[in-house]
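Chain lettering (A, B, C, D, E, F, G and H) follows the sequence in which the chains are written, and residue indices restart at 1 in each chain.
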Amino acid sequence: MSACSVAVVMGSRSDWPIMGSAVEVLEQLGVTVHAEVVSAHRTPLRLAEFAAGAEAAGYQVLIAGAGGAAHLPGMLAAQTLVPVIGVPIPATALAGMDAMLSIAQMPAGVPVATMAIGKPGAVNAGLFAAAMLASQQPAVAAALRQRREDAAAGVLAQPDPRQEVS
Amino acid sequence: MSACSVAVVMGSRSDWPIMGSAVEVLEQLGVTVHAEVVSAHRTPLRLAEFAAGAEAAGYQVLIAGAGGAAHLPGMLAAQTLVPVIGVPIPATALAGMDAMLSIAQMPAGVPVATMAIGKPGAVNAGLFAAAMLASQQPAVAAALRQRREDAAAGVLAQPDPRQEVS
Amino acid sequence: MSACSVAVVMGSRSDWPIMGSAVEVLEQLGVTVHAEVVSAHRTPLRLAEFAAGAEAAGYQVLIAGAGGAAHLPGMLAAQTLVPVIGVPIPATALAGMDAMLSIAQMPAGVPVATMAIGKPGAVNAGLFAAAMLASQQPAVAAALRQRREDAAAGVLAQPDPRQEVS
Amino acid sequence: MSACSVAVVMGSRSDWPIMGSAVEVLEQLGVTVHAEVVSAHRTPLRLAEFAAGAEAAGYQVLIAGAGGAAHLPGMLAAQTLVPVIGVPIPATALAGMDAMLSIAQMPAGVPVATMAIGKPGAVNAGLFAAAMLASQQPAVAAALRQRREDAAAGVLAQPDPRQEVS
Amino acid sequence: MSACSVAVVMGSRSDWPIMGSAVEVLEQLGVTVHAEVVSAHRTPLRLAEFAAGAEAAGYQVLIAGAGGAAHLPGMLAAQTLVPVIGVPIPATALAGMDAMLSIAQMPAGVPVATMAIGKPGAVNAGLFAAAMLASQQPAVAAALRQRREDAAAGVLAQPDPRQEVS
Amino acid sequence: MSACSVAVVMGSRSDWPIMGSAVEVLEQLGVTVHAEVVSAHRTPLRLAEFAAGAEAAGYQVLIAGAGGAAHLPGMLAAQTLVPVIGVPIPATALAGMDAMLSIAQMPAGVPVATMAIGKPGAVNAGLFAAAMLASQQPAVAAALRQRREDAAAGVLAQPDPRQEVS
Amino acid sequence: MSACSVAVVMGSRSDWPIMGSAVEVLEQLGVTVHAEVVSAHRTPLRLAEFAAGAEAAGYQVLIAGAGGAAHLPGMLAAQTLVPVIGVPIPATALAGMDAMLSIAQMPAGVPVATMAIGKPGAVNAGLFAAAMLASQQPAVAAALRQRREDAAAGVLAQPDPRQEVS
Amino acid sequence: MSACSVAVVMGSRSDWPIMGSAVEVLEQLGVTVHAEVVSAHRTPLRLAEFAAGAEAAGYQVLIAGAGGAAHLPGMLAAQTLVPVIGVPIPATALAGMDAMLSIAQMPAGVPVATMAIGKPGAVNAGLFAAAMLASQQPAVAAALRQRREDAAAGVLAQPDPRQEVS
């Protein structure tokens, strides 16, 4: 069994600049993360094996990023009961709209929790996964609460928009 | 504290024919659900009060359905750390595409788990919420597993598409 | 080994009113067809099994119809080298645009031949499959040629648009 | 009570390069402006407080810019009767289309006056706010009239498009 | 000078079922309204005349509804300094998306306050116009406040979505 | 040589309910019209023949309506120098947006004059064709002018939108 | 009366890099062109005056380019019977899609001949205008024919795509 | 008869940077390819001639790339029974969405196998063509199988996404 409660997978190594944000957020919140390239289209057997073993590996949440036809999140969700969060990657000429629809428009029966397109979505995937763990991990709950308070404080401390963006 | 671990809220009573599916799925899985109309635009104070009290009320997941500008899920998520699942309702001339973007395109920091547009999304919101509870509620986990097995069995028992759709 | 050179699969029995047109066209052209409901999301194991056995079963072309996230064609294509034709089904509020993007925007490496949305696409999937078989099956080639000549003749015989549409 | 009759708020300091145009236009027309970062998602309490106090602060118009899910204008409008003008910011991969729909598709009961995407919309928000004040502030009315005459004169003075664009 | 402080114009008499809602809302709030069909494309001279005389007629706000290319609101705004609110009418195969873009995407210099597509937009146009008048007409301000309180009360009185939609 | 100065062609007899409006408008204006079903996809040879003979047949304008991939107007334009007007037909699940892009987005070198989607576009194709003929046919010019005056008069005679739509 | 048979107008001097192509094409074909900035929104009176005088000035075709809400072509067409060709300019965040819909979706009664977005559309506007003049100006007809033959010859002379693009 | 079993054609030499990928893939798989610029709009006669001769030339598959209105694939398919694969080129302001719809939305009767927009689509066109040949050319089948195994192995050998993308 893995020491990690969250796995972040992505369809291609080129998705890392975006999906790395999910990993980074989770690690900042004290969650250990397994990261792996699992391609729905190039390694469907590995995908099936990964999904089938997700529960036994101890993953409580899966985060999957993919662009274009973006089958990875949905095919994971079809093969495990561990909740899956999907992040649409803007990897084609259609700016991620294709990936968003491919991830969000799942049929009744197999949910995928879709986040925003690109880096904001990857950050939020990390935060949502942490929130799912928070009910059982007080330290994660506290870190999340702190992060949100810091975000508010950051705005409130400098409410004048004329100041330079750092 | 409420006896319900999930609350299903919606922007208008007219969303019930869709959002009722989320309630129905959860009840079938043995999860008790609180359902309420909370309008981001007509009752913003109730929204703030509801969000502020969500944790104390014992809700572990919130499901929010909304159409058009669809601010309800995001504004809930901005005011509580309880995870929020959003369901885009096709309530305008734009077939729910407006609601999907308003719900999914949340900025980094405040995630909403977006489901498909309309009834499939409402069903899946129920299933996703149940999956979030499953790690702590073995009966829910078992019911989810059974439901999925039944879905597969339903297909496998009648793989011939020429048969009448029941 | 199956006696059929083409298999037509679909994600749900409710896709039959559209996908049946592919079967009908092929049978009119003298091609025997296997038809089956195979759901990427509800029966992923059956999907994997079906794809793995497609070549041995003697299928030379697979036709797959799906709506919404529409993962069926792409996941078949990822698990077999038998060519896959995809038909986007207009099954959601988005009129099949979601399915078209989910099917067409496959990443480099795993092609799916995408047809038009809905019934015209199903008819054309049958015709394209037949055209793929035609180089080896002269009778199919002849039937295709005849069908096309008939279509032209149908227009040329009644070029006056004021005549009633039958 | 504030000395300003217009407040320009925005969801993030990074919106300033666009929203600054609204401030600039208003100041050119002789209207004093309060500018502040108020985030619907990071500082919802400040948003509620700001909206609740808007009337007492003497604001006659609020201008709110936001990108992505863009809840700021609508949530302001839900919490004050001071008219709200919304400016969609192109802050995501979707070029501001998400923000436009999130701002414009408000439900019956809570209007937001939506402007064009980006800088033209910010300029126009300033002009529209000034026009709202003009009935009571003759100097603003005169300045608006002058600005419009200048714009016409600018075109009429150099109607030959072959001349270099300055 | 007209006795009306608001004029509601529309491109075609067939827009009345939608634009009538703007008139109705204003009359409920105690605002007298002039209503007229003014077509940007069929009666451009009447449009110019109407715009030129709007100020003298005593109109403090103009509401203009139009579908398709929807030039009416923008051309009014180009020919008067009286503020113009635009309502996109879903009159073509594109469900009002064409009208929304034609109305909202005005260039810097000539603002139009765009509302939602269709009836909700017409209602909100009426409410926004009333809010513009409210600073000078206490009775309108009071009526607006009452309407909003009633809307909230309506939700709060029946927060249970299972109750029948009346 | 044909006695008709305009030819109205369409991809399918089922386009007649829309394209018939172009014919009707032209006949009302005193222009004789040739109408024919010419399918780019089913009768490409007839298309080539028709285009090649258009000039000799005396056609001064061609009007072509087509839905979906809608190649008819562009392929006519590629094979004759007689000006071609294209009418997008809403014949698929995409409401004519596919046809509009297929007709309008012609490459530099081969213009097609695109009209609105559906019946308004067909009417306008007739009017535009007539306007092209008007410089040489005073009667057509007079009829066009009369029609436009009648349209204006129709609006001006009943400017009150509350009157029933006839 | 002007010596020019075509006028090319545009909403802003910044449209010249695109609309200049229309002028250039026409001049290459031997057509003299009047070019002018006429803004529907900044100079509506000049627009009305220009349209009203177009016939008397001897213009046989008007070409109008505009971006965003793009009212120029339609408002010209509403105020003259001289045929108007519209060119959508990609001047906003929406890549010209807003301008295309604003120009193409004209209501029945007032046609605008819409071309492709941007430079290809400007070139084609020039070619279409020339084709409209060709029936009366044999030299223009000959130049058009030559241009088309040259285009074909250019492709046929170097059909090998591996050769460098000049 | 040509020695090539596949022809790759494109509307313009400027499409080569994308369409060259189809040629490259096929040559890597041991398939000889004929490549040619054939423009539906500039060289329609060559298109007709090419299509009419495709079967006799020994082509078993045609691959056609085109942007914008993108008539090339469909017009080829209308004039030969050799199967046609279409590749949408992102050549306009609309990022290839126009080309995708123009290629995919073919009417019932004349199929075109549509691939993804741009380079991934060109690569997949090559792979799909090879798969069509594979049943008769064991070496191609083996090369395809090897390529797919290599792709999987490439992922499996470096599943850690933190490693640099080469």
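Rule of thumb we're sticking to: contacts are C-beta pairs under 8 Å (C-beta built on N, C-alpha and C of every residue); 3 or more make two chains touch, one makes a residue touch a chain.
Predicted model only: the values in this text are computed from it and were never measured.
*Asks:* Just to be sure I understand the contacts, which chains border both subunit E and subunit D?
*Replies:* Shared contacts of subunit D and subunit E: B, G.
*Asks:* Strictly by the touch rule at the top, which chains does subunit B share as contacts with subunit F?
*Replies:* C, E
*Asks:* Centroid of subunit C to centroid of subunit E, CA atoms only: how many Å?
*Replies:* 49
*Asks:* Distance between subunit B and subunit C based on Cα centroids, please, to the nearest Å.
*Replies:* So the centroids are 35 Å from each other.
*Asks:* If you average the Cα atoms of subunit B and of subunit H to get two centres, how far apart are those centres in Å?
*Replies:* About 43 Å separates the centre of subunit B from that of subunit H.
*Asks:* Two or more other chains touching the same residue: where does that happen in subunit G?
*Replies:* In subunit G, the residues touching two or more other chains are 42, 68-69, 92, 94-95, 97, 104-107, 109-110, 116-117, 120, 148, 151.
*Asks:* Of all possible chain pairs, which ones touch?
*Replies:* After working through each pair, the chains in contact turn out to be A-B, A-C, A-D, A-H, B-C, B-D, B-E, C-F, C-H, D-E, D-G, E-F, E-G, F-G, F-H, G-H.
*Asks:* Mind pulling up the subunit A residues that touch subunit B in the complex?
*Replies:* It comes out as residues 60, 81-83, 85, 100, 104-117, 119-120, 123-125, 127-128, 131-132, 134-136, 141, 144-145, 148, 151.
*Asks:* Inside the complex, what are the residues of subunit H that reach subunit F?
*Replies:* Against subunit F, the touching part of subunit H is residues 11-12, 40-42, 44, 48, 67-71, 74-75, 77-79, 92, 94, 97-99, 101-107, 109-110.
*Asks:* Could you list, by residue number, the parts of subunit H that touch subunit A in their complex?
*Replies:* Subunit H reaches subunit A through residues 90, 95-97, 116-118, 120, 148, 151-152, 154-156, 158-163, 165.
*Asks:* Under the stated contact criterion, what part of subunit G meets subunit D in this complex?
*Replies:* Per the touch definition, subunit G meets subunit D at residues 10, 13-16, 19-20, 35-39, 42-43, 45-46, 68-69, 92-95.
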